[in-house]
Amino acid sequence: MLKYIIKRLLQTVVVLFIVSIFSFLLIRIAPGNPALLMLPDTASEEQVKDMEANLGLDKPLINQYFHYMSGVLKGDLGNSTTYRVPVADVIPERLITTAKLTLTTIILGTLISIPLGIVAGAHRGTAVDFFSMFFALLGQSMSPVWLAVLNVYVFSVVLDWFPSMGTGGLKYIILPTITLAYPMAAKITRVARSGMIDTLSEDYITSTYAKGIKRSVVYRKYALKNALIPVITLIGIQIAQFLAGTVVVETVFSWPGTGQLINQAVQNRDYALVQSMLLISAAIFTIINLLVDIINSFIDPRMRLE
Amino acid sequence: MDHLLQIQDLCVEFKTERAVSKALNGVNLTVDKGESLGLVGESGAGKTTTALASLNLLSKNASHKGDIRFQGKSVFQMKDKELLDIRGDKISMIFQNPLTALNPVFTVGEQIAMVLRVHRGMNKKDARKQAGELLEMVGIPRNRVHDFPNQLSGGMRQRVGIASSLACNPELLIAEPTTALDVTIQAQILELMKNLQEQYNTSLIMITHNLGIIAELCHKVAVMYAGRIIEYGTVREVFSTPLHPYTRGLLGALPSLDEDKKRLTAIPGNVADPRKLPTGCRFHPRCDLQDNKCADKCPEMICITEDHYVECWYHGGGND
Amino acid sequence: MDKKVLLKRMKGNPFFVIGAILALVILIVCFCSPLFIRFNPIVNSTAEKLHSPEGLKNGLSGHIFGTDQLGRDVLSRLLIGGRFSLLIAFIVVILQTLIGTILGIIAGYIGGIVDSVIMRLCDVFLAIPNLILAIAIMSVLGSSPKNLVIVLVVSGWVSYCKVTRNSVRVVKNQDFVHASQVMGAGKMHIMMTQIFPNVTTNLIILASQEIGNTILIEAALSFLSLGIQPPTPSWGNMISTGRTYLMVRPWLVLVPGIALMLTVLAFNFLGDGLRDVFDPKRVS
């Protein structure tokens, strides 16, 4: 198993390396002078020349890359033209705000979906099963674009139960949470259901029945653990996605997290920020997925001797 | 006469998307106390289905006719509680595939201990201790009780299965040992089962298509084809004078170490498809002794000697 | 695969049937819309600003879903926008399939270093969340339909590559391929005649699921003003601009939103149904 972990670690390093090259190239593939992209429109000629030197535009590409990366690893991600401070200063607080939303979403998203999926899987073909499939398919078709706006309309405009934007207390976090949680719950219901169905068709379940164990105990104790393994993996992947930035939801609800930051960066043509957010997003996503894989290798005993 | 296990005219059908699969078509079998019966047949003959039916563990898409009685009571009509009491305690089953018969996320100790907790009311600690002793009995060091199945070899996993099936000293053991193991390991396991059988006087149904194992372990043998028993008797009788063409084919397909080189007989044709069974005697399309009657009507089991029964028109069978 | 059995399964699977019918209806209505829409979806008509939906009061020649903030008929915009989005989605999926499949077959069949390199490439694209990658690239390249297609293809080709590669690897090791090799068939011939047909089922299923996904990403991009640009309508940008009027004229948002939901639902049902039809033993 150690071998597996090391292999994944190396893979991650390689991948992040390539991603960094990509983010480095991002502003250089745009038409025009990259230096202009990194500065506000009001920049003077002298500032442009400074930036050009800073980016090392006259040097070979490889040198530019090393210069860029050494900056990144020291924590220098350039300066944000929107906020007029180093990018690195803007990010941590945003990350925490997104993390709060992620936490509430995970809690709500798993609360109903896991029991629903498990029960549906254990009782295939019943009303519960059809309801769960419908619930799941509907959820997967709810684009955050639509669901977010729908929630705002129903709960803010029509019912006036919750505010439609900003932060500040429990009521502000509810709508964005619901918006993110429903599609996630849909996926989890499906995976839990199929996990349960797959598990129940295994030989070892028949052999457990042959030992005289009651059906309810078989479901609750001996099948459940197996069925949940893919669910845990999925939750991990969702966490990774959320933390990497949910742009649409945060924009609609003006939730000041990493997702909204990315959108702002793009709208304001703040390319230092765009470039950095690309790198950071990818890094968060990749590292969390790595952690999920490692945890998975501990939980799933079949992986233990790989 | 009170048989330990009595299967009467058992028919089992499986409904699949394309067709109805007639797995068992009138199986009649008895096992008495202390008796060991070998159940022989090719894959698809219905042996595993018979085993699962004995514990009322058939899958949901199966329908059955006929009956199976354990100690006089029908397993299909028993109340749930009685059935749960019997499984794992009075009747135990050893599954064929050791790689899939054990739950990968529980320790092997737990999988033995669960039987003890449910049927003997032991607490966790005692059950685990006993599980360790059972492991020792099948030749696995007791400290392996905390290991997970994938930390054990195939042969060891099969032995864990044996240990859990013997935990409550069953009256009847239904075993379908795997052929997927090394021959030397197989031999060891057989030796083990032989000892245990002698020690505890357990009745045994040994399901296999390996005739050597049956010769080693069993008193009686039943040959199964297309969901019916077509020959039955003591091992000595049936193996020395096989009557049914199918049995003859099976025995003739064994290479012999001491006789002169002869060609191995291969039984022509394919195993009968449970979805499209032949009319009359199920074996007739492959039989070199067949005649008109064979395609028409299915023969009944007749008694040749006290220790030998067969179902074949060639040897009589039924009213003529 | 037995055609008769497939047809039987198709008819018996409610998800497939509903999805297929709905998807077909939507496709036909949207693609034929230029033929029957009454109003110009792009030209402003300030006199008719923000009319409420009339339903069928004036028959088919009225503003069935009302008008938007620039006086344009919502229904016309809805249909033309849908047409555009669906067209893009189909083009994207076809391109994704081509690129992904070619790379996947190469990776699976040749194996070795080539395989490793292609897999690492896949990993890189998987490392960046789809939408964020799309946003970043669009922001730098500018939002033309061409760039939109490029970006969407780039963020989704990986699944096709992996599916194809895995299928190829499974088939490659099977005996009938070895048998052909023994009989002298060349690598190319084997790839085309034996491996490709086995892969197509998985691809069909994947493609039908990806159409829904592609529509969603395009809608999100358009919503963020990075996708299809006004005045060309797209459900995403209609929802975005309509948001300002949510309090007073909610239909500007609700109409394209419901259309978006129904369309994605239809293709998801279809994709799911196809999976069941091709492999009913499969459980998820």
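For clarity, chains are labelled A, B and C in written order, and residue numbers in each chain start from 1.
Criterion: a contact is a pair of C-beta atoms (placed from the backbone, for glycine too) under 8 Å apart; a residue touches a chain by one contact, two chains touch by 3 or more.
Note that this is a predicted model, so its numbers are computed, not measured.
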State the chain with the largest centre-to-centre distance from chain C, centres being mean CA positions. B
Would you mind checking which pair of chains has the most C-beta pairs in contact? A-C
Nearest whole angstrom, what separates the Cα centre of chain A from the Cα centre of chain C? 22
Counting in whole Å, what is the centre-to-centre distance of chain A and chain B, each centre being its mean C-alpha position? 52
Residue numbers of chain B touching chain A in their complex, please. 52, 55, 57, 84-89, 92-93, 95, 97, 100-106, 114-115, 118-119, 148-151, 161, 164
Complex contacts: residues of chain C adjacent to chain A: 15, 120, 123-124, 127-129, 131-133, 135-142, 212, 216, 219-220, 223-226, 236, 239, 243, 246-247, 250, 253-254, 257-258, 260-261, 264-265, 268-269, 272, 283-284
Any idea which chain A residues touch chain B in the complex? 202-214, 222, 225-226, 229, 300-302, 304-305
Residue numbers on chain A that touch chain C, as the complex places them: 11, 14-16, 18-19, 22-23, 26-27, 29-31, 133, 137-138, 140-146, 149-150, 152-153, 157, 190-191, 193-194, 197-198, 201, 241, 244-245, 247-248, 251-252, 262-263, 265-267, 269, 271, 274-275, 277-278, 281-282, 285-286
